[in-house]
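Below, subunit A partners subunit B and then partners subunit C, in two separate complexes.
For the complex of A and B:
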């Protein structure tokens, strides 16, 4: 039987031989292969997870802007300094940490730490937290006095906080971050006890110190409004788009083919009934229905797949039915009947293989439809909010100021990604059509 | 390569065992009409493709059915195999009433009756190779479990139809074969189940003249060696007279004349048979053109003429022909004819 395998291989080879000759088909194939590669190796292409936030300031520009656009020459990258251990006791104080800062002024910064005190009654214990600039100026960010033991307290200092501005003697329109980090050099973060704090029985503990100065440039494509990495979202969005596109296309084409063959071959009341149902489905405006059903069924990727396929099988069904109608009158079908072949046997062995080329091409052409439908739904805010998709990126870009800040690096990449992937599948689909179904060549 | 000379198939057949008996077989196709038409009236007009046909075929016999295109001979062949459901009538095949059979029983009996089609380009799935095409009946009938087991059957049957070496042809696809080779594959496919009866629906009319002889000889050999009965449907009296033991002439869904080939060809009784024989080209330069040709076209089978169906075209028609339909009446020597003036 090895000869048979050989024949099958030559069939595939001859298809490939003809496919190779079509430049558009090859371009499409290469693009799809690149996308698949990106989807598979997503974790290796980016160090972050799409759910990670606060990687940089909101709507940070791409890192490479520093080398291209003069305005961004010294734009700050994210600086994070944290010390978990050891616990600092007041007897070691003052404690100071050096922060190297070699960029232009950031827009914000934040500082968090935990502290608690073991102090005898009526003692005067207190400390302050301050930043010392390279020029020697000191900015006291926080201070507190204790007269007894305290529980563990989490301190959060944010540069946009009005209390901080008041403490620093700034107006509400001034920005502490740009004021403090206005020059380059070695800054110090200092925890200093209040004067007169000498009681040796007093213990002050500080831990989990974290100073975060979000950068204004970050990664390959910058960040979104949450400080989440856009390149990561784009890369992981490829996975979602491919999964949705492929599974929705496979499901809808499988359903459409089965229905088309059954209707076309059996005919009669079943055919009439299902084809009228197809007419009804075709007349329904898809997007509004998807929005309503999506709202009812809940936002999840698989719901979208099911919904998209539920409204995409009709064209395949019609196409397959018409092909089946002509096939069932062919004599080789009757010959199979004359040998005793049952309806199911004839449908699966004779009709299905003969409609497959048609089905295959229409399946590839359905993938971009599914991808675009998912992107539209996500763009309108009906996608799964837990998952980073291209449509969702666009939704966020529209809703959180990419247009007003002209952050094109946020808007353009997902748009281009959708466009190229869809286009690639259309190229492939049309090429397959051209090879398998020369009659449909005019579709191009 | 293929011989043009045909081994004569005529002569009386020794065995008198009836293998197939058709009685008053009728097939009417209802005309498709819209919902409105269905509601409007109960009387449905039908295409009377086959209208009360009776005959019987012996074991190993080559029975020819001759007629113009559109006379219902192909429909008759398909109805006999119950590929179409008959409207009326009785088909008894090997003492079994085919019309009474259910799907399962019918499937079983299909191993014993097969069909060869006119168009060898159409009768095979273009996506299957010869091996798969021929093994299909075996697999459908569960005679073999898988493709692999069918090998000895296919080798044998390909040798039977003179496609040697069989291994060379097994992996070919229909488009890689010539018309004659395809028709051989079609015959092999019909033979693989070792049937007792084959409907050959114009098996050579699509083939080159040079190939026809080979195919006909092959069929004759099979009928002689294995006792396979053939219902040979054709519009070509010339080939029919060479291979058939008996011939029935059909006109507009009815048999008008029936009898042993030699008698019928040499002494045609029915005017329609005469016209058919006249229409056969004779390789004689002195006899140019056709003899007496029937005037007019074949009438519509939806509204067949009253009385004798041939009367509008018949040269010897009289008033009685328009009113009363002549019955198929026995004449001498196994012959039957449906004409008042035969």
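For the complex of A and C:
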């Protein structure tokens, strides 16, 4: 037993020794390790979650564009301001809050707050909400008069609302956001009671004030059409791709190996039947059938894994079968049979270990195929809609305006991520082949 | 004699595959969660009206009767009526098939011809540059998502430098005159077909080059060289001849994959073809349409595979003459 283990260990060691000498193999390995780290430590690489939206304006450019592209020199970053105190009681003096804004004009902004009025004696009272620019111009965004108690009201002001444009005296083509935030400096957001408010015992209450000015530059890679962070999607997409690639490759190679060994070793009718089935499977166009089956069975990640594996085992089966056919004629198999080894015993202890090197390489080479297949499915809109994948990023980029806005920074990263990961696995697979199966060296 | 027996065998095999695909089609579209009739039958209908509609679509009969009728319909190309347009699926497919054929044939032929030519050329001119180029192109085909390259090319030539149309098969309105119309179609074809070639030629080049290099190592090539034959003649008449059969098998073996790629290409460039019809149909849960499109695609692959068998048997003398052929 000890002796046996020692032999295996030296086998692994000598494999590693030979592997270390192959630069491409090492590059591949390092890339894969980096991806694995990104997948594991995703939450530490980004402060957001891939589902968080409205982090910035739609299709915002990467933040570093500011330092590279003159057009973005002073582009706004997202500014979100909430009042420090949770609740304000306004008697007669206005409440104001200073907003520092040092960028060029944004495209939109929104303001939300809750307000209610306590008016014990029925008396006319009102207030307005306004923004004062550094130059001292005032824009009244909202106002209301009360003559009695009111329930809590949630006020939402959006710069794209027609009502607001009318209130500010703008035409529908003018933009309140760029008009109001046209200069840099200290703005103030003011809630001001109307004159005469203090004469009554009316009280106005304001809470949950939040001013949101979505930025036009954001994060490492900008945002998508929902204002969701692209870097976050890319980082979390690594997880999905690795999981799908690895599990589909393992499943299909396991199935392929089992079928290949059984066919090759047993031969006869079973072999004939299964090999014809392999031919049939190989003749089916994979992507159309995956699209159809995916739509029918439901678009979950595990369905995709199973479907991708279901149409990827055939080549392994063929390879293993031919290898088994030649192994079957070898003396040591004869010896095992003669000493009474059962078929299952021979297949699992004598044939399986001997086909493993071949299988191992083809498994590594199947990973990029599985990753690409999943990416294609997601790109076409047939992936799991609940998770951020690279294919889905590209789907969104195509469907939601990356082209018309020329947002190449939305289109390029997911593809590069797929490419480098696939290349890494190809390098590793080829290196393993070079070591174990020199005959297959030149093949991709 | 041997060749015809071989052909018969392959024909029976092709028919078997077709039959399996029809059966498969029959089964999967009955796996749809819930009742397939839900799609077309409004739940508010009375039960008589529902039964009436079911009779119209033949859904009241026992499954095996439905199956036999289904196989018959498929053979007659009676693919049913589209849920979303109410037209015969076969008519809609007929409109789209020529577009798909044009795109498919142009890109596939160009890809294979360019790929094999580069492979043969670089095999004759060995050196670090040609080695690197072909290996790089092969890796490119294998590892880079084709649809991503197509998207990048679309953005570059459709939006940054808008010299090529970004979607569709023809301009609307079409230009006047046959010549301009053909030109217009070619203009629309450049991006989809060209991007397919860029994405696909690498693996052909690499495979051809590798098999050529193996062939050039053989003794009979050395003999030919010793006889003083010209490099060019050795390359074309001796080496290429011997590597052609495996390459031809590969060409036709690649068809299912190319068809898959065509579905994506058509979707990206909004090409008015069968592949886009399939994805659109599934998006709209138009099952008769999806079924019809898939049947047509699968049929095309089966036919191509059979054609491959015919040609393979013809090119490989072991099968044609029957000496130690595998069949």
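One rule holds for everything that comes next: the second predicted complex is superposed on the first by the 427 of 444 C-alpha atoms of A that agree within 3 Å, B and C clash if a C-alpha of one lies under 4 Å from a C-alpha of the other, contacts with A are read in each partner's own complex, and residues count from 1 in each chain.
FYI, a residue touches a chain if its C-beta (ideal position, glycine included) is under 8 Å from a C-beta of that chain, and two chains touch if they have at least 3 such contacts.
These figures come from a predicted structure and were not determined experimentally.
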item: Joint occupancy of subunit A by subunit B and subunit C, clash or fit; value: fit
item: Subunit B versus subunit C as contact partner of A:142, first or second or both or neither; value: neither
item: Partner chain(s) touched by A:313 [first = subunit B, second = subunit C, both, neither]; value: neither
item: Which superposed partner A:288 touches (first subunit B, second subunit C, both, neither); value: second
item: For subunit A as apex, the angle formed with subunit B and subunit C - C-alpha centres, to the nearest 10 degrees; value: 60
item: Which superposed partner A:368 touches (first subunit B, second subunit C, both, neither); value: second
item: Touched partner set for A:187, first subunit B, second subunit C, both or neither; value: neither
item: Partner chain(s) touched by A:109 [first = subunit B, second = subunit C, both, neither]; value: neither
item: Partner contacting more residues of subunit A (subunit B vs subunit C); value: C
item: Smallest distance from any CA atom of subunit C to any CA atom of subunit B, in Å, after fitting; value: 9
item: Touching both subunit C and subunit B, counted on subunit A across the two superposed complexes; value: none
item: Residues on subunit A engaged by subunit B in the complex (per definition of touch); value: 1, 3-4, 7, 330-332, 334-342, 345, 349-350, 353-354
item: Of all residues in subunit A, those that touch subunit C in their complex; value: 276, 279-280, 282-289, 291-293, 295-298, 368, 372, 375-376, 379-382, 394, 397-398, 402-404, 406, 408, 411-412, 414-415, 418-419, 422-423, 426, 442-444
item: Complex interface listing, subunit B residues touching subunit A; value: 78, 81, 83, 103, 106-108, 110-111, 114-115, 117, 119, 122-125, 127, 129, 131, 136-137, 140-141, 147-148, 170-171, 189, 193
item: In the complex, subunit C residues that touch subunit A; value: 13, 16-17, 20-21, 28-29, 31-33, 138-139, 142-145, 147-149, 151-152, 154-155, 158-160, 166, 203, 206, 210, 253, 256-257, 259-261, 263-264, 267-268, 275, 278-279, 282-283, 285, 290, 293-294, 297-298, 301-302, 305
